[in-house]
Amino acid sequence: MFDELKKLIKSESYFFLITPAFIWQVAFLVLPVLFIIILSLSSSQGLDLVRNYTLHNFSEVMSMSHVRIVMRSIMLASCTAIASLLLAYPVAYFLALYIKRYKFFFLFLLSVPFLINVLVQVYAWFFILEKNGLFNQVLFFLGLIKKPVNFLNSSFAVYLVMFHVYLPFMIMPLYSSLEKIDIKLIEASYDLGSSFRKTLLHIILPLSMPGIRVGFFLVYVVSFGEYVIPSLLGGMKLFFVGTLISEYFFIGKDWHLGAAFICLSWGMLFLSAMMYHWIFNKIMVQSKIIR
Amino acid sequence: MKLKINKYLLPLYVLSFCLFLYLPIMILMMYSFNEGGFPAEWQGLSLRWYYDLFESVEIWRAFKNSLIVAVGSACLSLSMGLMLVCGAKQLKKNIVFFFFSNILIPDIVIAVGMLSLFSYFMVPLGLITLVIGHTLLGLGFTIPVLKSRLDELDYRLVEASYDLGASSLYTFRYVILPFLYPAIVVSALMVLIVSFDDFVIAFFCSGSSAQTLSLYVFTMIRLGISPTVNALSTIMLLVSSFFILAISILQARLANYE
Amino acid sequence: MNKKNYYLELFLKTQIRLSFLIFWSGCLTAFVLLSYVSQNFIPERSLSVYMWADKIDESILLKFEQETGIKIYVNYYESNEELITKFEVSKNINCDVMVPSEYIIQPLIESGFLKKIDKSRCDFIDRIYPEFMNKSFDLNNEYSLPIYWDVLGLGYTKSFFKDGLPSNSWSLIFDEKLVPCKEISMIDDSREAIFIASKYFAWDNKKLNIDQLNQIKSLFIAQKKWVGAYTDFQQGYFLTSKTYPLVVSQRERIVREMLLYNDLAFTVPEEGSLLMLSNIGISSTSKKDDLIYQFLNYIYRYDILMYNSKKFSILPCVQDVLEKLPQEYIGVEELLPGQANFNRLEIFSNVLTQKQINDIWIAFKSF
């Protein structure tokens, strides 16, 4: 009897092993997200956060000002994703298909900015963008401006630094999918007489599509909720999704509206991601037709 | 003529790209050796700000907190990740996908959710809650890395070990674990870096009783620019690069073994 | 028979899985409960003080420890809302003394977080200016005593305004035709901004109706055109780096830079401005009364208060210290209680709900 029990326990040992991570996941990821949804649906004061179910919060949050803020974040995220995609693709191509030696060196070079603290990078940009900083000095030297221009506390600064910070995020997925392309296909294309441009458009680009999609959506989703860069470099003139959430939770003290806003903004993010997904599919289909 | 330009176009582009990536950091490092405060021009080489840095009590306290949280979350996420990956091996279903959301879901949503959860259950915010948050992030890193490494293990070795009469524990200790060492080290380093660099979760989930390095830098930036932060940033940079170098070398070695 | 075995096996399996689950959940809860444990390791002869980040010098606390043997643990907070949230979240928070701003005293009292102050044990009450006592938020100063005060006003660089500011009025920042420079910086605090807007319109800020609030909202939206940045911290930096020649700021931030740069100046507009008081409060959960009053008497002491005020350029509410404070630390003429500039100052009582404030602030920032 005991032996059988022991055998049974042993066969279930895998459950013992996988449980802690799952419990952790459920308790600290699933539960908080559920909690936010519940918060957004309730509206009571103080610490009884989950009573009085109502849709009132959502109606409040669907106002023009909130939607405008979400659209602004979507705009920022889209520009960042598209710009970094366009500019990182040649670099990924260089890494994967152009150089044969020193790959390790270049990979290392391009991973270092990826894991540097965001705050440190923002701080570094202060030095370049402020009135006595590098930008102004260079422009002055080139004679393009007469008086120092204030680059900080502007949308320009926010867009520029977002682009700079998220660029490395884009390189990795692109590189890994470009690397997987069978080089024989490319060689075959050249052997058959195609020019570089044709090879690029018809062979390399479509084959690297998985990497493009992963990179694009990674940058898009993550840069949507960005808090640090808009808050430090935007002069707090405009609210983005991240800064507004922080305002609701820390200063405005209205957690219900904050939770409802989170639901709203991520709903809109999801919708826009679907739209981009559809656009990507269309492009894929189009390119197949051309081929 | 056209060919020549084309030949150098791409490398030139990549070079300027790298320059753009590294520009702010180089300037930051340069100014950390500047004698004068900000916003001053170059006033001579000096390690003055580094001395200030080492004397500042606040920074050491923040560093200590960051270290505790990083090591704690690395240990936790490593052990739980290891257990999960080994257990999942026997399950034959791919449950790793469940953990990808840790990195995909924006940290601000996780942070805010955890904040509300902790407040509701009246858990005091502090180092422990921070460790919890970072472990969650860490799980998203350790599990994929460990899983991909474990997949490369030739299971016949494990079967051979069982056939020769070894117990499960013995097999684990002497067959599976040594094979996983590189992946363990890599994922541990990744979690350490992510924990040190994390700002959003610390901002929302630690109040201000547990000041971490990122929070400290944030406060200094809001108050204006102080060159001690430059010195601190340079050091953080060098440490991160060192870690990444270690990771890269390890991964290169891994690739060589195959 | 087989079916019976099958169900038995299933039952056992579920039992085993359940016990595993309970085991791990128990571990998890124990881990989470660890965060409560850390709160209990507090030495007896110590005080936990909650303060603003730049209002107290560490050397003062060390000196106190040397004199009395009581160790001070300081916790910082960035905003008053953060302070009250901390109290709401953990009922047994380890706090003895706190230094909240005046507008949060009322909510703190109503939520029961403050304990009555035994004034007989404070030897500094008579030295406090009567103008700072018995304010509307705590009528008989039962729960709070003022320690530092400050004003809102306009900071500017003298080299940009060679003939001085065109006028000493809030219209310089609110009226499009009167803004003297291309861009200014504005404060990022919703309450304070609404107050000075009401001063600009010359309304009674104790009664603001919906129309007036909407007008304020439109004013903020219009003002955005010439605001370079909203900040509560960087005004001094903006002036010294010549980013903006005119800033709206607390006096304290400007005077700190004024001590190092001659080019800066500060003024309190004629329409009047906001009086901000930092007050001492004793937490209701605290049981270390003796130590607390020792600490309070210490920080109100003449030499300590004078040192702290000079170090951070803050203004004390105590008469003998303020009168002896050198003018360069005050920064504005005629600012002492009873004098011209002081009489223009007012406290902003909590007449608006958080929701009304939020509505205005979020609406205009979303443009």
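Annotations for the structure displayed:
Letters A, B and C name the chains as they come in the text, with residue numbers starting at 1 for each one.
Going forward, a residue touches a chain if its C-beta (ideal position, glycine included) is under 8 Å from a C-beta of that chain, and two chains touch if they have at least 3 such contacts.
Note that the structure is predicted; figures quoted are calculated from it, not measured.
Distances between chain centres, each the mean of the C-alpha atoms, put C farthest from chain A. Comparing chain pairs B-C and A-C by the number of C-beta pairs in contact, the larger count belongs to A-C. If you average the Cα atoms of chain A and of chain B, the two centres end up 17 Å apart. Measuring from the averaged C-alpha position of chain A to that of chain C gives a distance of 35 Å.
Counting partners per residue, chain B has 39, 119, 122, 132, 222, 225 as the residues that reach two or more other chains. Taken residue by residue, chain A touches two or more other chains at 15-16, 20, 24, 47, 130-132, whereas all remaining positions touch fewer. Residue positions of chain C touching 2 or more other chains: 82, 85, 88, 241.
Within the complex, the chain C residues that touch chain A are 9, 12-13, 16-17, 20-21, 24-25, 27-28, 79, 81-82, 85, 88, 183, 185, 188, 190, 224, 227-231, 241-243, 354-355, 357-358, 361-363, 365-367.
Only residues 13-18, 20-22, 24-25, 28-29, 31-33, 35-36, 39, 47, 49-50, 87, 90-91, 93-94, 98, 104, 107-113, 115-128, 130-134, 164, 167-168, 218, 221-222, 224-225, 227-228, 232, 242, 245-246, 249, 255, 258-259, 262, 266 of chain A touch chain B when the two sit together in their complex. The residues of chain B lying in touch with chain A in their complex are 10-11, 13-14, 17-18, 20-25, 27-28, 31, 38-39, 41, 80-81, 83-84, 86-91, 95, 98-99, 101-102, 104-110, 112-117, 119-120, 122, 132-133, 135-136, 139, 143, 168, 193-194, 196-197, 199-200, 203-204, 214, 217-218, 221-222, 225, 229-230, 233, 236-237, 240-241, 243-245, 248, 252. On the side of chain C, the complex with chain B involves touching residues 31-32, 34-36, 38-39, 53, 58, 75-78, 82, 85-86, 88-91, 93, 233-234, 236-237, 241.
Contact residues on chain B toward chain C in their complex (touch as defined above): 39, 57, 118-119, 122-129, 132, 207-209, 211, 219, 222-225.
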